[in-house]
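Once you scroll down, you'll see the structures, which are given as structure tokens.
Here chain A shows up in two complexes: once beside chain B, once beside chain C.
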Partner chain A sequence: MEDFLKSIMLGLASGGIYALVAVSYVIIYKATRIFAFSQAGMLVIGSYTLWQCLIVWSLPIWLSILISLAIGAVIALIIERTCMRPLIGQPILAPIVVTLGVMLLFRGIALLFWHGEVRGYGGSFLPLGAWEIGFLSLPKIQVYGFAICMIVIALLISFYKYTRTGLGMRVVHEDHLVAQNLGINVKRIFKYSWIFSCSVAVIGGMLLGNIQGVGLDLDANGLVAIAAVLFGGLESFGGAVIAGLAIGVIQIFAIQYLGALLPGEITMLVPFVFLLLILLIKPYGLFGLVRIERL
Partner chain B sequence: MLELENIEVKYLNTILVLKGVNLSLGDDTLACLLGANGAGKSTTLKAISGLLRTEEGAVTDGSIRYNGTEIHNRWPEDIAALGILQVVEGRHMAEHLTVEENLRAGGLIYKGPRSQMAKDLEMVYSYFPRLSSLKERTAGYCSGGEQQMMVMGRSLMGHPNVVLLDEPSLGLAPLLVQEIAGIIKRINETEKVAILLVEQNAIMGLNLASYGYVMENGRIVLDGPAETLKGNEDVKQFYLGLTGIGQKRSYRDVKHYKRRKRWLG
Partner chain C sequence: MALNVDRPCGTFDRNYYQAMEIFRTPLRKFLMVAFIVVMYVFAFILDDYLLSILIVFCAFSVGMTGLQIITGYAGQISLGHAAFMGVGMYTVAIFQEHLGFNFWMALPLAGLIPMLIGMLFGIPAVRIKGLYLAFASLAAHFVIVYTINNWRSVTNGTDGMYLHRPAPLLGIDFLIDQYYYILVLTVTIVMIYFAKNLTRTKLGRAFVAVRDNDIAAEVMGINIAHTKVLAFGIGCFYAGIAGAIGGGYYEYVNVEWFTLTDSIWYLGFLVVGGLGSIFGAIAGAVVWKTLDELSTLMTPLAEALLGGMAFYASAAFSLVIYSLIVIVVLVLEPRGINHRWQIIKRSYRLHPFPY
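Right after this comes the complex of A and B.
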């Protein structure tokens, strides 16, 4: 029982980050219908820039985080302007493949500047230690990480729901033509979407770097988050969050209970097998938009 | 004052759709544009609102001027910012948002004080009382008439100077068409919005408008005050379905020869 509860807690903690990364895919997908693989690479870049600011330049933590976010936003602008904008109107596969290329480019950049070595933040920028609640011990680093993920996602969702720009973005999510018809600048919304998405991915990268260590392998988390996105339905923030958390828990359970039976890292595959089963039953994912069709 | 001078529109730089269209719309007039399928009515509206650009079309000759400034070849969002809003045929909307959110989205273009939004919503609900009971309804699940009211209300939210209405009566029940026609007239008169109405329903169009244009094969073949058009024998025969004597034609004594049009199409 103790193990069971502990697995759930750990699963939720890593699932929170999956949810965050999944949301960063959803932001871009909803606005542009492009599945941006590059966001997996942003995790790596985000974690390394924070390391650069924090350890190499010994800047205070708040400044380091701000700088990393700013770099993320600038990278977003560059990708949007140079890679995505010229491809507007081209077959949808073209920009998707380009994002895949950008992801590899990010790996290359990380190799070039930081030699792909695994680094750490010199301890952690979140409080260490653990809370003891009954027989459960909750590592603070995980709990804080989880809380940050949920707060970021909640802020994002309320931005979409309650602000004027958010409303404009939601109209773009529905139909580009309608948005232009209403005088909404669709290209500006694309830009905002990329900035939001990259900032979210940078935050994800920082949290992952804090827990798993800064390194090139962080983009594997991005791949797991892809499973979460498809599982939750490409167009739903709520679905991405729930699916992210679920995948986190499933993964920990797999390690806990199947790890002994299966050789090597096969447990990493469990979320994907699960995804396959879900998509067989619900092709739109759990919370994907059901097309409203008039007969 | 919106003026189209001799405009020529090509799609994909090969398909010639409009072949020199001249049209002008005064500041608070209600004009209607009649024509058969494929005559180029919707293309004319899209040329004005700029939506043509999103469909690989372009104004290749002539000019569209609004209050003296040339607006052809601008992006649709810039033209919308000038207060020229098109209500596209087929009731396109943000389907998964609620009716009120759709209306609010129409108000995003208005740059005035934020508090205006609530007043504008009240104004739209006063024109379309049915919408006020549907505020929280998902737009995609509303009926066709309700959606038409919503997209018309949505364009009002943006404080337009010119509204280009593309087939508001399409697929609606006759009673609803009457209701919507009345509302169009009221909007034109009380809000001082110039309206260019594209209609297949020629009777409705000519009854509402003060000036009419008839389009065929990418050209304006006839124009004049609505009353004059209503009296034109060709319009009567081909658009209003009346014979020369002014009676509704019965299928029992359909003539087997066609009246020849007395305009150059």
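Right after this comes the complex of A and C.
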């Protein structure tokens, strides 16, 4: 029982970040119908820029976070303007391959500037230590990280729900042409979506770097989040959150209980086997939109 | 392959025989034969270094042709093509080491086993439209790499395996690189000929129909799921054969050769080469591997300039430069080099007139 609860806590903690990263995929998919694989690379860039500000330039933490978010937003603008906008209306394959290329470009840039070494934030920018609740010991780093993820997601969902731009984003999600005819600036919505998504990915990168150490391997988390996106349904924030948490818990359970049966490292195997099961059983995910098409 | 596209005005097929021809004009037939002869003659005039490049070109052209069938013809996306190439290499190694097969017996298996594995992973993905095959093949990549890494009794884990070239046949010793090159070239020509032929069969036209409009294809009586699974299977067959002939050259195989990055380059350079034509696939493979060779040649220069940083720098530069090439080519010419080539051909043909 004790182990069971501990696993759930651990799983939820890592699942919170998967949920955040999954949301960053969903934002772009909702607006542009493109699955932006580049967000996995964005995690790496986000974590390294924070490291650069915090350790190399020894800036205060609030300024470092602001600078990293700003860099994320600028990168988002550059990608959207130079890579994605010319490909609007082209066959779906071209933009997807471009996002894959951008993902590897980020990896290359991180390797070029930071040599791919695993770094740390010199302690942590979140409080260290742990809360003791009965037999459970909750590391503060993970609880705060989880809380930040949930707050960011809640803010995003309320943005989509209550603001005029958010309404515009939901309209664009329904149909690009209709949105254009209603006087919504679709290109601007695309731009906002990329900025939001990259900022969210940068936050995810910071939190991951804080927990796992800053390194090139953080993009593996971005790939795991793909399984979460698919499980939740490609267009749904709520689904992404639930699925992200579920993937985190499943991953920890599998390591806990199946680790003895399966040799080697199964952290990457579990989410993707789960992804195959989702494709078999419920291909559109929990809350995904089943589009009915006609000729 | 869409018929009648990119042909000059007034060129029609007058009978079924003409419509079904692979090479339409005598000039093309002549050029093709001449090209093949030249490729064979290279075996006797080039040194081992240049032959090694040509062998790599051949192997990756076969692999790229497979991806062309999946992506260019059937319109599905595979993010696990490098992994399936690895399955092909490991199939040869495993059957040689554990069951005592020789290369000739293992070669067809090196195609069939990736094909079966690919179809197994493809089945869940193809029932629905969209990029679900990309996700399924991503999953396949991780499952395959995990299996190879951890099924140590069969695959030797991360240590890699040795495989052997075929035994001498009719006095031809394949351990000498130039004869092995002839073998690779022959396999490549046969595979590419089959691929070219596939595009004018019922199945090939079904692939194109599914790519262009899958609902319309279904209305016309094409079983979409079967067609997509078969396209993915055939593509993986090609990947496996490519792996087998490539692995035979190195006589060694290691799981670290098949990364997700390689699969992405496969896809990226396929689109750079051009979708929907065999020529595009070969062009993509040649561009990719030429860049690889150039970056290998640059490494001593980088070491001289950068000293200890060279390792990071060369890895980083190849990532940055390749991805920039893929991005820039796609943004400027989303239909790839092949499309640009067709435009050049057309403007040459129509020369004094703009169109």
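Everything below uses one rule, namely that the second predicted complex is superposed on the first by the 288 of 295 C-alpha atoms of A that agree within 3 Å, B and C clash if a C-alpha of one lies under 4 Å from a C-alpha of the other, contacts with A are read in each partner's own complex, and residues count from 1 in each chain.
Here is the rule we use: a residue touches a chain if its C-beta (ideal position, glycine included) is under 8 Å from a C-beta of that chain, and two chains touch if they have at least 3 such contacts.
Please read these numbers as outputs of a predicted model, since none were measured by experiment.
Asker: Can A:L280 be said to touch chain B (first), chain C (second), both, or neither?
Answerer: The second partner, chain C, only.
Asker: In the superposed arrangement, which partner chain does A:T163 touch: chain B (first), chain C (second), both, or neither?
Answerer: In the superposition, A:T163 contacts neither chain B nor chain C.
Asker: After the superposition on A, what does A:S137 contact: first (chain B), second (chain C), both or neither?
Answerer: Touch partners of A:S137: none, neither chain B nor chain C.
Asker: Count the residues of chain A touched by chain B and by chain C, then name the partner with the higher count.
Answerer: Here the partner covering more residues of chain A is C.
Asker: Output check: A:V186 vs chain B and chain C. Expected answer is one of first, second, both, neither. What do you get?
Answerer: first
Asker: For chain A, give the residues common to its interface with chain B and its interface with chain C.
Answerer: Residues common to the chain A contacts of chain C and of chain B are 294, listed in rising order.
Asker: Under the touch definition given earlier, write down the residues of chain C that touch chain A in their complex.
Answerer: Its residues touching chain A are 71, 75, 77, 79, 121, 124-125, 127-129, 131-132, 134-136, 138-139, 142-143, 146, 149-150, 152, 213, 215-216, 219, 260-261, 264, 267-268, 271, 275, 309, 312-313, 315-320, 322-324, 326-327, 330-332, 334.
Asker: Considering the complex alone, what residue numbers of chain B touch chain A?
Answerer: Touching chain A from chain B are residues 49, 51, 54, 75-77, 80-81, 85-86, 88, 92-97, 101, 104-106, 108-109, 114, 138, 140-141, 144, 154, 158.
Asker: Which residues of chain A touch chain C in the complex?
Answerer: Residue list for chain A touching chain C: 35, 82-83, 86-87, 90-94, 96-98, 100-105, 107-109, 111-112, 115-116, 223, 226, 230, 262-266, 268-269, 272-273, 275-276, 279-280, 283-284, 293-295.
Asker: Which bits of chain A are touching chain B when the two form their complex?
Answerer: 164, 167-168, 170-171, 173-178, 180-186, 289, 292, 294
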